[in-house]
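Chain lettering (A, B and C) follows the sequence in which the chains are written, and residue indices restart at 1 in each chain.
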Amino acid sequence: MAWTRHHILGLADWNTEEYEILLQTASSFREVLSRRTKKVPALQGQVVTNMFFEPSTRTRSSFELAAKRLSADILNFAPGTSSLSKGETILDTAKTYLAMGTDIMVIRHKQAGVPHAIAAEMDRLKTGVSILNGGDGQHEHPSQALLDLFTLCSLIDAENPRLALLKSKKIAIVGDILHSRVARSNIWSLLAAGTQVHLAGPPTLVPQFFAEIATETYPNQLALHWQIEPALKDADFVMTLRLQHERMTDHLLPSLREYHQHYGITRDRLKLCHPDVKVLHPGPVNRGVEISSDLMDDPAFSLIQQQVTSGIAVRMALLYLIGTLKSE
Amino acid sequence: MAWTRHHILGLADWNTEEYEILLQTASSFREVLSRRTKKVPALQGQVVTNMFFEPSTRTRSSFELAAKRLSADILNFAPGTSSLSKGETILDTAKTYLAMGTDIMVIRHKQAGVPHAIAAEMDRLKTGVSILNGGDGQHEHPSQALLDLFTLCSLIDAENPRLALLKSKKIAIVGDILHSRVARSNIWSLLAAGTQVHLAGPPTLVPQFFAEIATETYPNQLALHWQIEPALKDADFVMTLRLQHERMTDHLLPSLREYHQHYGITRDRLKLCHPDVKVLHPGPVNRGVEISSDLMDDPAFSLIQQQVTSGIAVRMALLYLIGTLKSE
Amino acid sequence: MAWTRHHILGLADWNTEEYEILLQTASSFREVLSRRTKKVPALQGQVVTNMFFEPSTRTRSSFELAAKRLSADILNFAPGTSSLSKGETILDTAKTYLAMGTDIMVIRHKQAGVPHAIAAEMDRLKTGVSILNGGDGQHEHPSQALLDLFTLCSLIDAENPRLALLKSKKIAIVGDILHSRVARSNIWSLLAAGTQVHLAGPPTLVPQFFAEIATETYPNQLALHWQIEPALKDADFVMTLRLQHERMTDHLLPSLREYHQHYGITRDRLKLCHPDVKVLHPGPVNRGVEISSDLMDDPAFSLIQQQVTSGIAVRMALLYLIGTLKSE
């Protein structure tokens, strides 16, 4: 088993071996992070450029710290004060950072496909630069889904997190599936793990076509519900999604209060689940909307903090795998 | 004498020993900063996160450089482009950075008490994270007062700065005491040093109750004046405070010109003081308002540059003391 | 031959030896950048502060990476969130960063002369701080012209880039000469190299007085054209300049389309030049305005990527030369 993937654009086409290598590598970095000196020289001399065209501190900080832990040099591209406002195209901006010596670009953009377009151009020019999708529109957010996967596998076997641990487990993904790149990436990784994935939310946000996106490759693993109860029934895990306030003005939702009444995760609702159920949320959380405030803070149920912590190890693993591939 | 304080929230409850340890530690870091290689590996592997909810470059840069000199990794939380605008609570933001592996958080917020609330939550969760108040509302700004203290003590005995050097010295603190966290923190440290503290400014900005805030613990050390002359009389040091332009629109002041006429520090006014008088200002300065422009640039009187320089050594000392406490 | 210049403010008064030292030093850093570990400890312990009062990511990132490659500590002053909005003067901001321990300041400001004013103040105060002009108004942008020079010399002899290589070569500088600090700095370096410099553009943007700026020192080396054809005739290099959109609202130009028709660099127009002609552009590029889009991407003609890459080596050289001078 050896790593061969050069860009991390999405999980739709990842194979089982790739997930296993990622989980093992993240696990070894978690061990590094528990030491007193938390740094390894793996990417010394390499340049990681964060290109976040959409505002973000959470994900950007996570990638930044992961890159620092690997001894890389980091450049932060800030669109607000940038050449973009001077009319430069995104591809030209990327090529400028390439010419400065960038080895890995982490790209977030509100338009789906931007990281892929930059990756294609980097390949066409034979640059050797790797692209890591930090979230593109409503398409994919692979590092988030991988840190969710790592969190869930580590929960079951911290020493040896592996895909098989999630086989036949039931997870409910609740909320605005339609607009969620987090949900999309998670669907691919969880299906690959053999998990039973139940999507739930209002019809405007969970359209029928989601039930069919994976019927060929993963038959009988994906279900769709417009009521939350059947999704939660005996679930091992519940993943709530962030509700964008814009959905209200888009007339896709009546009100936050009504959303919480029908789809909010509460102690009461969790009684439908497996007794050991755990709750995930990619953050930032609207307390009292997607999840009741007290539940979010209850370590007996909430995995939210573990998700963030997993983020550093998983992003170190991603940067390491594509970074060392480059230098071979 | 050993350091035991975990958070630096304010100076109101600091004891003499703590001041002495801080002064000695800052002194040893000043020596480090005079070497060719100005770095020590003391905080290697630790993460210092700057969370400045209020804009600042001066204080943030000072903490950032101090942390770099100690070989820490630094994360900068930028509220403008952050999850805050997505509705996340401040406590949740702090917990996110905690989960990423933050060891020390430097927090500035326009609302008094925010660093304390985060510190309480960090303690309740037994996280081991230390909070350093980088300025909270009109409450405290401990690192600023400590760098002022270090500047004054070092002026008298650079080799061995200690609290006793300021005993029975007279300092005039002039300006907008009411809204100044710098003044509040300085009052505590200067009283602890046995200094005679004279507050002066217009009645709207120096309310009567300030005269009584320390009468029990430090009787006869604090005086209040609405005319500047008695405060300056034979003073060893004059500390002018920044005048916020908002005070004009709040109708607390007639005009900047009138303020300068009554309370501005000028060469003429300094003749009332001790012949060796020195002037401090926390910056940024409104030239010609709090202090006349030529006086600010006169090294015979102004300690403004030394204050900034002391800031690096004092903030290294604070980060070092709480950082090494953590790793024991 | 030894380096003696303390500030890099502009190229108007550089002598031949200085250019040669710069080219050789940049060449040796390019070699460092080709190694696996791309760092040297030359500026360890020194502080480089980027003070970009005008927004920029391209130049700032380039200086930041150059400083990191030399192991310096970097502070970034961000005017948006700074003391400037609190009424502090630029000189006072500079003195604050001086007092924190800054060794080199890289300054960009929309007003010509700001870096010079700060340099004069730093010298007057005998601070030892070096100022590097990162672009001041419409005056000079020395590091850009030096990276252009290094790119051109390296093109002819990569092993041994030197001024003599450009002697009697012809370069056309095309576009908004009047408002371009890039053009101004390039004129000085190219004239010093003995290059034939032909300026071309509309009369509103290429005023007659440019023909006379160097007649005494460099007679018969500078020509001015309001038609592009004579400038391109047999040219070895074509440097196009960025066209600011503001020029349209200033009524200095009819439209972008008309500008491109008369002065845009296209494959067809390049047929007038020497067969091996190369095209430069300081970026960011307005595709289809200053240069046709396909030409910009054609490595047979475009040196744009090489310019950016040269920028890291040249800025390392500048920081190194003034930084090591300081520590002697």
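What we mean here is this: a contact is a pair of C-beta atoms (placed from the backbone, for glycine too) under 8 Å apart; a residue touches a chain by one contact, two chains touch by 3 or more.
Remember, it's a predicted structure, so these values are computed and weren't measured experimentally.
J.: Are the interface residues of chain A and chain B largely the same numbers on each copy, more than half shared, or largely different?
T.: Since fewer than half of the residue numbers are used by both chains, the interface counts as different.
J.: For the sequence-identical pair chain B and chain C, determine the rotation angle of the Cα superposition and round it to the nearest 5 degrees.
T.: 120
J.: What's the distance between the Cα centroids of chain A and chain B, rounded to whole Å?
T.: Roughly 41 Å, centre to centre.
J.: Give me the residue numbers in chain B that touch at least two other chains, ranges are fine.
T.: 80
J.: Can you check the complex and tell me which residues of chain A touch chain C?
T.: 44-45, 47, 73, 75, 77-78, 80-83, 85-89, 92-93, 95-101, 327
J.: What does chain C use to touch chain A in their complex?
T.: Residues in contact with chain A: 33, 35-39, 55-58, 61-62, 64-65, 68-69, 80, 242, 245, 283-287, 304-309, 311-312.
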